[in-house]
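Have a look at these structures, which come just after this line.
Shared chain: chain A. Partners: chain B in the first complex, chain C in the second.
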Partner chain A sequence: MAFEPREEQKELKYQELRIYSDDELHNYTEEELKNFKVKHPIPDVDELEKGPWPSFVADAKREALHRKKLADDRMLINSECVEDLLGQLQVSFDDGETHWKHGGIVGVFGYGGGVIGRYSDLQEQFPSIAHFHTMRVNQPMSKFYNTDYLRAICDLWEYRGSGLLNMHGSTGDIIFLGTFTEQLEPVFYELTHVLQQDLGGSGSNLRSPSCCLGKARCEWSCIDTQDMCYELTHYYQDELHRPAFPYKFKFKFDGCPNGCVASIARSDMSYIGTWRDNIRIDQEAVQAYIGGEIPPNGGAHSGRDWGKFDIQKEVIDLCPTKCMRMEDGKLEINDKECTRCMHCINVMPRALRPGLDTGCSILFGAKAPILEGAQMSVLTIPFVKCEPPYENIKEIVEKVWDWWMEEGKNRERLGELIQRYGIPKFLEVLEIPAMPQMVTEPRSNPYIFWKEEDVPGGFKRDINEYRARHKR
Partner chain B sequence: MALSTERLGLYNPEKPMENRLTDLGPRHFWQYFPPIIQNNYGKWKYHEILEPGILVHVSETGDKVFTVRCGGCRFMSVEHVREICDIADKHCDGYVRFTTRNNIEFMVDSQDKMEALKKDLESRKHVSGSYKFPIGGTGAGLTNIVHTQGFLHCHTPATDASSMVKSVLDDLFDYFQGMTLPAQVRISMACCLNMCGAVHCSDIALLGYHRKPPVIDHEVIDALCEIPLVIAACPTGAISPAKTEEGKKTVKIKEERCMFCGNCYTMCMAVPLADKEGDGVTILAGGKISNRMSPPQFSKVVVPWLPNEFPRYPDVCAHVKRIVEAYAKDANKYERIGDWAKRIGWERFFEKCDLPFTDHLIDDYRLQYDTYRTTTQFKYTEAAWEVSRAAGGIE
Partner chain C sequence: MEEMKKAILDFAKSSKKTKFYFSDLEKAVQKVIPKAKAREIKKAATALINEEKLIYFSTGSSTMYGLKGRGQTEDH
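Up next, the complex of A and B:
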């Protein structure tokens, strides 16, 4: 099963795209790197080269040396920018405070997102990072790459930027860290014209959607996470680039309830794959687990001796709904009572597999604490079939956005709006009925906002009529 | 078409809209799947972790893909990415992927190729000695710490990110390369409450936090900020309009109402909060994302504040280690930190982790009642006896 792009993708060949020659790419020796000192004294930053975990400082120094040894006309941002960045980091450690200025409105024409302005407040000391703007590049779904693409990105960003990036930012984009205002449009033109690649979202936009690796390399994914993510990202390009929302909005796609991209905690609209038929059981494999032939949990616990695998203790007793039992040497699951938490499947992946009638649950409203406290997404739509081009899902998205754009206050996330109006109002917007699955328990106060149309005779009454029955 | 080397490339500032391409979106994913992934898409049957950091996925077609997972720094240079490409070209037909938690995954289609790849990765070190591609981050162990920008690129941090993550991971490196814990431990780091790293559902969350109210730049506030927006930004209504002695429009702050969230500074550069002595680190624990067994949980504040000891944060590292080790020793198999704390009771969690419990840890914000304990079920710990003594209930 192959997926096709919406528009034809030209194949990128690094050999045709490249800026730097092989000699330029290998322009320093290990000996030179060992002896290399950045131009500023950075004792505390140097300290961070020690220890086994990869040192970002050691890595940055490579780039600093590489730039230093490139000819001056072989990059458009000052060759010392990495050294200046490390120098400013040392001053920040000394002062215990950041030295980046607040904000700065920069961008590319016609877009309201994708570029974040950044200026140093120590521009005389560190002139090459006086401007150090960020550009967000929308990552390919679930972050698979080939080296032609990555090498081209590297040449582009070393030539027109600092050569420093994030693989990846928190939302999922490739983050280009550090360039001057002059280079924002040129970088954008190179990205779009040469690499057929767009910027990601920032500001009060749809942010670059992201997804888990899904069916590409996971046996549990119940939805085509990449395809859904790709389709919705492309379909909503206008919302991604041109701010029309009260605040940010995030889509994340998890293939199963294990939640590897954290959609339930980190997205305004969380899509989580699930199934509605039965867990598939291979009884022979169940026996193999019981017999100790297959390590439980895919071998995840093999670093410690936890004793012999005990299906009763480790699976059946830990099932949150207690819907499993061994009967005549066979594992039985009462699927009707199962809440699909994934525990038994995680422990015995070769014996148990999600069902085949799959789709996703849709939850709304997660966000970090700013401002009214952190929220997780609320289960709203239990099951939706997910077939391209996902028209049923787009309809839901648009109902939600229409309401949020109409009623949301400046910088109010969807989750906060739902809390301000209540779930019943949200259900009205979505045109769906209530279900007990939306709450952990029903309300304990009787303060129901009855509507006039709910009550026979309505709210309009005549006081004189009342007084005819009841004296003052 | 090659990448251009002209100063402004394909962009003509005289005609900025000329030839402008927009709304292209991301490139399509399918071309970046290696053949073994394309051929087995949706056909994966099961997986196994062969050793820490090394997975094999087996397809219904009989194909196997071997994955070697390496820890990576989120902040990296193009030099590092080029080295990743060299490895991918040498072993993986030019394909590579990154995980949500900033790990790098190299995939090959046979055990032999995997062994060669593994050897190559283990041999690569920076000149100053740290690993470039440590293998690990799988199963019941510690995986990479996701984090934010910190002093390297952000204007609102209360601490630095990359240096803290490096320090904590140096300290817990064996847990990254092992699978000796009761379940996976997800540590996340955000350098201010804006939490662009969204750490609020992590087993352990490290959070930069301010402790001094904003200082007001009366000279410029009226010119640079929308004063009503600054006032509206405050969730506790601590900010109100004021005038300076010279009659300039400004704001005043009821300091006892400030909870140091920094939302006002996000709206207005004239009210900075950062302060060397005020800023530090809050530790939260017991959160998770997964729906496995128990529902997803928020992390809870277990250490209200620790100082920013740049560049190595010994106190933060020691606290994290203490929690991880107490958990490793006491929790049941499959139990996440939050599940463990819930089973033994949070009073026991503080005792076992040897963490002091102070009034800072009792919620007094909007939804505080949700956390009140309204039962007589509790466990006796030293903290309980202290209360009884203070209340005159016992000697």
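Up next, the complex of A and C:
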């Protein structure tokens, strides 16, 4: 389906938007970087560069040097803010405690989210980071943008912020790290009016919804993740910007159970594309895999010799529900038992494909609290069709929000509320029946709970009347 | 709407606290107007934000409402 924007799309041209010249952007040599020392002693922070992984400290030093070499009137935030940031981090290591104050009344007019206020409590020592507010920028669907857009936001943030940004936060947003209060409105204006770019969610809001590549690039996608994400982002603008929830709420959209945006682990309401009919099998291609003509896994493991491809060992025996077999040289799948794990499809993408009757499963309640540890979403709605304008999905969303806003305690995520009340109550809210797959060990656990109103005569009975019919 | 806005402001002014969860506002309005619905109350709160009588207070992970000019000010 072709993209139909909700508003007229401007074409951004970096040449017209740019703030810095090429010389200003490439203003230091690798030699200078090697000899560069930030103005504060930061021995413990330096340690972070020594491990095997890329370090934010290395990136921050580049930015610090870059700012040092820019002319002072080319930045509205003090050029030393990155050095001060690293300096304060060292003090926090020394003291074993943080030097950021918590929260603040900062924001842009009319929005209850998108800006996270931060103030240093060592403002005399580190004046350039006295304010270090974070801004969240709602990423384009699937994080598709072009270099003109990226250059434009980098220039903007160099000019009006610390120049440090984070691509991307776990909600998906592009995170602008560190600016002063007086820059918030100008940045907001530039983003919205010039770059046609909204802020994302923070606080007790709907957080910026995010999605996998979906049908744009991935042939496994069972739903148009980009379209759904875009539609729900627009439809729920008020929930995104004007908080009234007990706490944060996240939507994420995966086009298939491979889960490239990990919606099952990272969202209160996870949408995962799936199919109701059968896996499509191309028997000739199956033979080509067996015969070694097509490399398994799209050639992903070809860096090393793993021996000849063994369909029994590598596919059939690894099927989690044991629903595949070879019969007279043909691959058979008992689709009723298939749990849609994607393993066989991932190994033999040219032979096996998701079915054609597609939609999504909806799971609820993931969160990652620090004290109790991560909790995954629970499969609650096995299948719904996903066709624009997604009225059926919105109906589900609103049932869940109404319940959570009514019953949820302040700072209680949906997953915790479901735990507090139990799945049966949640199913009642959604008006859907329970199914055995929702129960651990359904064969040994009867999982049937009667409610008083479901039992004729209720739970009270006349014992004498009963005894008259049933001797002890 | 005006009635809800008044209920919110009356509550915010009389409270000892300076920051309120949305659910505090909801309860306060429902005391005066028992049938008031969450979505309507939210619209009233948003209107007060737009009129600059209420402000948002955000810690980053959760958001509260406050009365403009009271409690913690910007550069705390």
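Throughout what follows, the second predicted complex is superposed on the first by the 405 of 472 C-alpha atoms of A that agree within 3 Å, B and C clash if a C-alpha of one lies under 4 Å from a C-alpha of the other, contacts with A are read in each partner's own complex, and residues count from 1 in each chain.
The criterion applied here is as follows: contacts are C-beta pairs under 8 Å (C-beta built on N, C-alpha and C of every residue); 3 or more make two chains touch, one makes a residue touch a chain.
Keep in mind the model is a prediction, meaning the values are calculated, not measured.
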Where does A:Lys50 make contact in the superposed view: on chain B (first), on chain C (second), on both, or on neither? first
Just to be sure I read the superposition right, which of the two partners does A:Gly292 touch: chain B = first, chain C = second, or both, or neither? neither
Which partner, chain B or chain C, touches the larger number of chain A residues? B
First (chain B), second (chain C), both or neither: which does A:Lys101 touch? both
Look at A:Gly422 in the shared chain and tell me whether it touches chain B only, chain C only, both, or neither; answer first, second, both or neither. neither
Should A:Gly110 be classified as contacting the first partner (chain B), the second (chain C), both, or neither? both
Which partner does A:His193 reach: the first (chain B), the second (chain C), both, or neither? first
Regarding the shared-chain residue A:Pro388, is it in contact with chain B (first), chain C (second), both, or neither? neither
Please work out whether A:Asn166 is in contact with chain B alone, chain C alone, both, or neither, and reply first, second, both or neither. first
On chain A, positions contacted by chain B and by chain C: 101-103, 110-111, 118, 134, 238, 410-411
If you look only at chain A, which of its residues touch chain C in the complex? 101-107, 110-113, 115-119, 134, 181, 202-205, 238, 242-248, 402, 405-406, 410-411
For chain C, which residues are in contact with chain A within the complex? 21-23, 38, 41-42, 45-46, 49-50, 55-63, 66, 72-76
